Each structure stands twice: as structure tokens, then as C-alpha cells.
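These notes are about the structure you will find just below.
Order of writing sets the labels: A, B, C and D. Residues in every chain begin at 1.
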Amino acid sequence: MSNKKIGIFVGSLRRGSFSRSIAQAAVSFFPAELEFRFINIGDLPLYNQDFDDDGKPPASYEVFRHAVADLDGFLFVTPEYNRSIPAVLKNALDVGSRPYGHNVWNGKPGGIISVSPGGLGAFGANHHLRQPMVFLNVLLLQQPEAYISKVASLLNEKGELVDESTRTYLKNFIDAFSEWVRTISDAH
Amino acid sequence: MSNKKIGIFVGSLRRGSFSRSIAQAAVSFFPAELEFRFINIGDLPLYNQDFDDDGKPPASYEVFRHAVADLDGFLFVTPEYNRSIPAVLKNALDVGSRPYGHNVWNGKPGGIISVSPGGLGAFGANHHLRQPMVFLNVLLLQQPEAYISKVASLLNEKGELVDESTRTYLKNFIDAFSEWVRTISDAH
Amino acid sequence: MSNKKIGIFVGSLRRGSFSRSIAQAAVSFFPAELEFRFINIGDLPLYNQDFDDDGKPPASYEVFRHAVADLDGFLFVTPEYNRSIPAVLKNALDVGSRPYGHNVWNGKPGGIISVSPGGLGAFGANHHLRQPMVFLNVLLLQQPEAYISKVASLLNEKGELVDESTRTYLKNFIDAFSEWVRTISDAH
Amino acid sequence: MSNKKIGIFVGSLRRGSFSRSIAQAAVSFFPAELEFRFINIGDLPLYNQDFDDDGKPPASYEVFRHAVADLDGFLFVTPEYNRSIPAVLKNALDVGSRPYGHNVWNGKPGGIISVSPGGLGAFGANHHLRQPMVFLNVLLLQQPEAYISKVASLLNEKGELVDESTRTYLKNFIDAFSEWVRTISDAH
């Protein structure tokens, strides 16, 4: 296939974000035909439909919507906040879904990696994130799932993923994700 | 019981928000011993843990956290965005849950009303909202549930709830919610 | 593509099951290259891992597992029981997932139609059913979703779907489902 | 308070069920005023509304419904099957919820412990189980949550919970559960 542009969406704004560390490791395993770009979601004002109804969306919305529309697929790497999706990531989904009839996520392949400093792999975020994807028509990779637990213990002091078994696990996930992007892209 | 202060949280920022209309109808059914105050959640920056780690949370966070800490219970009235919780409401939950160990939602009673212009009563928002409440230890009213469908047809041109059967349904919900606030408050 | 065999799984055992009525309407819209067969799930004993560990699964398990393994895709038509999946349908998923390493659902396309006599389209069943599909690696159609509300009013006295707008809605769903089966099948 | 009768519901039928081991450890921490009884859910035929409509429910349904109606609270201890509730446990919920208007779970306190041989604490079962509880009006303990991971490593060869930190964790959970039963019972 021709090269595909994959947007990376990190669900945490923290400077030392564990999810960003894992995202950086993930893209290091991308095959040559998958290009990646980290998409900034931190400067999008909380979604308010008045913006669109008034025909004056914030400039950051327009930049974001164009950036997403230009992508061929999505990789979401996210922590869990209070057993669900961080607001910053849900906001990005909502901004990209509107105005009505202009859902920029529509029909493209996606994958989810959830990341936790604790023991439960951010399962709650991982699966809550899947429900809006049904409505947004993002075609999600089902298997393998990717839950990263106790993430702090897997990184070195520079935030690089050094745990070998997690590196293998992540590489396998990216292999399946790449194949899934290919499957969905070829079908269109 | 002595008077209880109930915070009303509306999950939409739109000027003509249907959820706010329903919230206003709901509080009109409050018994005398329940005071209410609408809590502003629209000006809270997207949660970033650096704010708290640096010891410099936005002023709006501090105002919000104090306001919530002062409440005796919560009523959430929300639309569904893309089959889940609007980011603005999830953000409010996240801001109130932090910094770690200072969860201002902890141990108080809550209720949920979900509101939709369509036919499915915003079920997806209603139930996704329940999952963070487990972690936040908000003690939720289970029955009756409150799903409002086809909301535009229930309001007059001023946004007032005029549909009689929905008014009865909402009054019954508020009666049960009031009893629940009493149960939980008496136990503490 | 060559003909594909689609299994129809109805989540209710009731003689006059509304879900079975909707399933029968759905298959009437199948294109020629989709064959269908209703798969019996009502006589599967509640899953107990001892059956497999002892090497003595009930005969009905073996029949069921072979039947599912022989399919090219799945259509689930289900009511909601207590805001979630009926046990009879969850049991079928569990039986087909085992013994470990022999998941007969693996890698095939699927679709979900949820059916309710009430107003909320059995949303809770529809979306709870999606979570096991992640683990089972059933590749689910995302859009359109299919929620059927107030089903009794859509059928005639013989249980036939006669409501025209629902017939169109269901036909559109089956068109998308057929296309999805084709996409996934071609990729394998 | 006077003594309360708590039903223990184990979501696995396996002879060597890990969940039953954890349930046995849990009841060993019950205070004197909580009596417990393990409720058999393994011989309930898959729910079929015809049984009730015909006025001929299986004898096991009648025994079960009377047993649950006689309880003052519920403790559910369950594995996860395919990221959701085992069918055997969902079936018990469904049987107890019917016939319409005779929900024997209604208005009583409950708690959930989820148990996994893997690393994610059966989060998917724990939270999926909470959704029917809303409809059934079981008043659930929110905090602490109880997720038991890697359960095989916590038990001795007789299936007794010997891991000290898990024993403490479970005892704390039971203390909070007991207090919750007291709160809800006193309110009625």
C-alpha cells in the first residue's frame, strides 16, 4: 500500500506523561509505510455547540479538524482518569465530531493503548473510549488489546521504555495495528 | 434534617441548552429543605496534573473545588456526546478529584438525569457517568432512572418544561432523589 | 465474493420473541451471497470450565462450537435484560470462547441489532455486547447502529415487521452489514 | 442493628473456583451481626419468560426467588468471562428480577469483588455487573472497590487465601461493606 498517515493522540497533558512515553515507544515500532504525527489536543477549548452554530469556531478547532481529516488512521494512547476517559481526549473526539454531518473521524481505522501507573491497565479508559468510537465510526482493532500496567517501573529516567517484555508486547500490538490499517485502507 | 445544599451540574455549555432547561424544571420540584446552586463548569481549563504538581492550580480550579466541597449532594443533568459523557462534565469530575487525596466528591449522594433531542434518552452518557462515580465515591441514586428523550418537543419557546407527563416523571425522580439525600446524610 | 454463511443469534428464548421477529425481517433483506442459519443457543448448559477440563463437554457444546466454527460471520439480535445482555446470549459467547485457545468467534465479522418493547432501544444490551466482542476478536460493524424501540407497535399479529420506516432502517443496516462482511472476508 | 442475612453469589461453577476461595475468605471477616449463606445459582435454567407467562416457573426458580427475597443484602464474588459477567451470574440476576413487578433484589445493599487469574482484576466483570444493579435497584458500595488479580498466587494448595496483604485488603473491604449494609438497613 502507499504510505499512510497515522495520528497519535495522547490523553494526558502532563510534561512527564507516561502515556507519551509509551506512545513514543509505539511509533518506534511503526513499519516504513506508516508515517506518524503527534496531534496536539491540549489547546482545544471545551466543546460548546454555540461556536459552530454561530459559525465562529476557535481557530484551534479548525486546525485540529483539518489535521484529523488529513489522517488515514488513529492511535490513541491514554491514561485513565477516575475509571474513564480523560476529559482532554474526550474533548478532542467531540470537537472532531462536529459540526453535525462533518465527523472527521468517520470510517478510518484506529487502535487503543491504555496506560496506568497502577495495576489495572487503565481498563476503564480503554473500554469507555471504545463506545464513542462506535458512533464516530472509527474501525477499531480488537485484538490484541494493549493494557500497560505499572508503567513507571518500565521506563528509564529519560522516560524511555526499557522493559523488554513490554517492548515485545508493544511491537506485537503495532504489527497487528499496521495490518489492520492495511485491511481497512485496502477496502476503501 | 437541616437544609442541604445541592449542586447542579449541567453537561452542556450551549446558550439554549436543553439540559439546563430540564435542570431548571428539576429544581422547581425540590422540597424546601434542599437548597440548590448551579455550579459553573465551563471555565475550568482542561485538567493537567502539572498545575497541581507545580502548586499553581488555576484560580477557577480553586473556586470550583471549594464550591463542591461545600455541597451536601450533586445533581448531574447532561446530554450525551458521541455515546458518552461530554468533555466539559468529565473535566469537572477530574478537576474535583485532584490533587490526589483531596477528592471533593467523596462520600456524598448524587443523582443523574440524561437528556437527548433523539430517542435513546442519552443512555450512553447516563451510564458512562456512573463509572467514575464509583471511583469518586459518589453514592448514586439507582431508581428511578431519569432518561429524557425528544426533549425539544417537551419545552415551550422559552425553554420551559411544559409536557405534563414529563413533569410528573421528573417530580417523582426528584422526590426519590430528595429521600436518597436524606438517607445518606442521616447516615453520616 | 463467494457465498458467506452468516449465523443468526437471537438473545431471547420466548416463543413470541420480538427479537426473533426482527431477526426474520433482517434476513429477508440479505443479499443473495449471504446465506443465513438460525443458531440454537437455548439448550446450552450454563458454562462450567470443569466440562472442558474433564474432557467431557456436553454434546450440545460440541454441536454449537462446530456450527459457529463453520460460519463466516455473525448477526446478533437481542433484547436487553436488566440493562445488559441476556444470560442466554452471554452463555453462547462463553461456550464458543472455550476451551482456552479454541475461540470459534475469532477474526470474523459481526453486527448487532438491539430490540426493546420500551423507548431506549436496548442500548444497554447493544453496548455491553460489544465489550466481549473485543476479547473474542469479533470485528464489529460500527455504523449504522441498530436500535429498535417500541417493537410491539411495529409488528402485525403474525409477528411480521410491517412498519415501513423500520423496514427501510433495517434494510440500510443489512446493506452496511453485508458490505462489512465483504470487507473483512476479502482481507483474509 | 439486628442480625442481617447476606447472600453470597459466586460467579463460577468450577469445582476449584478461585472466586469461591475468595468468597470464603471474605465471609471469614464478617462481623458477628452479618450472617451469610452461599446461594446456589448453578441449577437455574436459562431464563425464558414463557416460564413465568405460563405460570409454571421451574422449581429451582421458586426456591431461588424465595431465598433472595429473604436476604438483607448481597455480596457478589465473580470472575470475568470474555471481559464481562459470567452467564451463570447474569442468569441469576435475570431470574430474580422476574416476573415483572416482583424484583427480589429491590432496595437492598450490595457489594462486588472481582477475581482474576490474570493482571487486570476482572475490571470488566466488576463494572458490567454494576449496570444491571441500577435497574434492579441494588444499592452498591462504591468504595473501596475490590479487584483481586493473579489469584492463584495468593492461595495455598487447599484454596485458602494466605497472602497477607490481600487478607488485609479484603478485611478492609468487608469492614466498609458491613458499614454500608448498616447504613442502608437503618434507613429502611
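Heads up, the rule we're going with is that a residue touches a chain if its C-beta (ideal position, glycine included) is under 8 Å from a C-beta of that chain, and two chains touch if they have at least 3 such contacts.
Keep in mind that this is a model prediction, so the values were computed, not measured.
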TODO: Check A-C against A-B and say which one is joined by more contacting C-beta pairs.
DONE: A-B
TODO: Could you check which of A-D, B-D or A-B has the same interface as C-D, with more than half of the contact pairs identical by residue number?
DONE: A-B
Open item on the list: Based only on mean CA positions, could you tell me how far chain B sits from chain C in angstrom?
Closed with: 36
- [ ] Return the distance between the CA-based centres of chain A and chain B, expressed in whole Å.
- [x] 28
Task: Residues of chain C touching at least two other chains - done: 83, 124, 127, 131, 134-136
Open item on the list: Going by the contact rule set out above, which residues of chain A touch chain B in the complex?
Closed with: 12-15, 42, 44, 46-50, 53, 81-88, 90-91, 93-94, 97, 124, 128, 131-132, 134-136
Open item on the list: Looking at the complex, which residues from chain B come into contact with chain D?
Closed with: 106, 127, 130-131, 133-140, 142-143, 145, 183-184, 186-187
Task: chain B - residues contacting chain C, complex - done: 83, 119-121, 123-124, 127, 147, 149
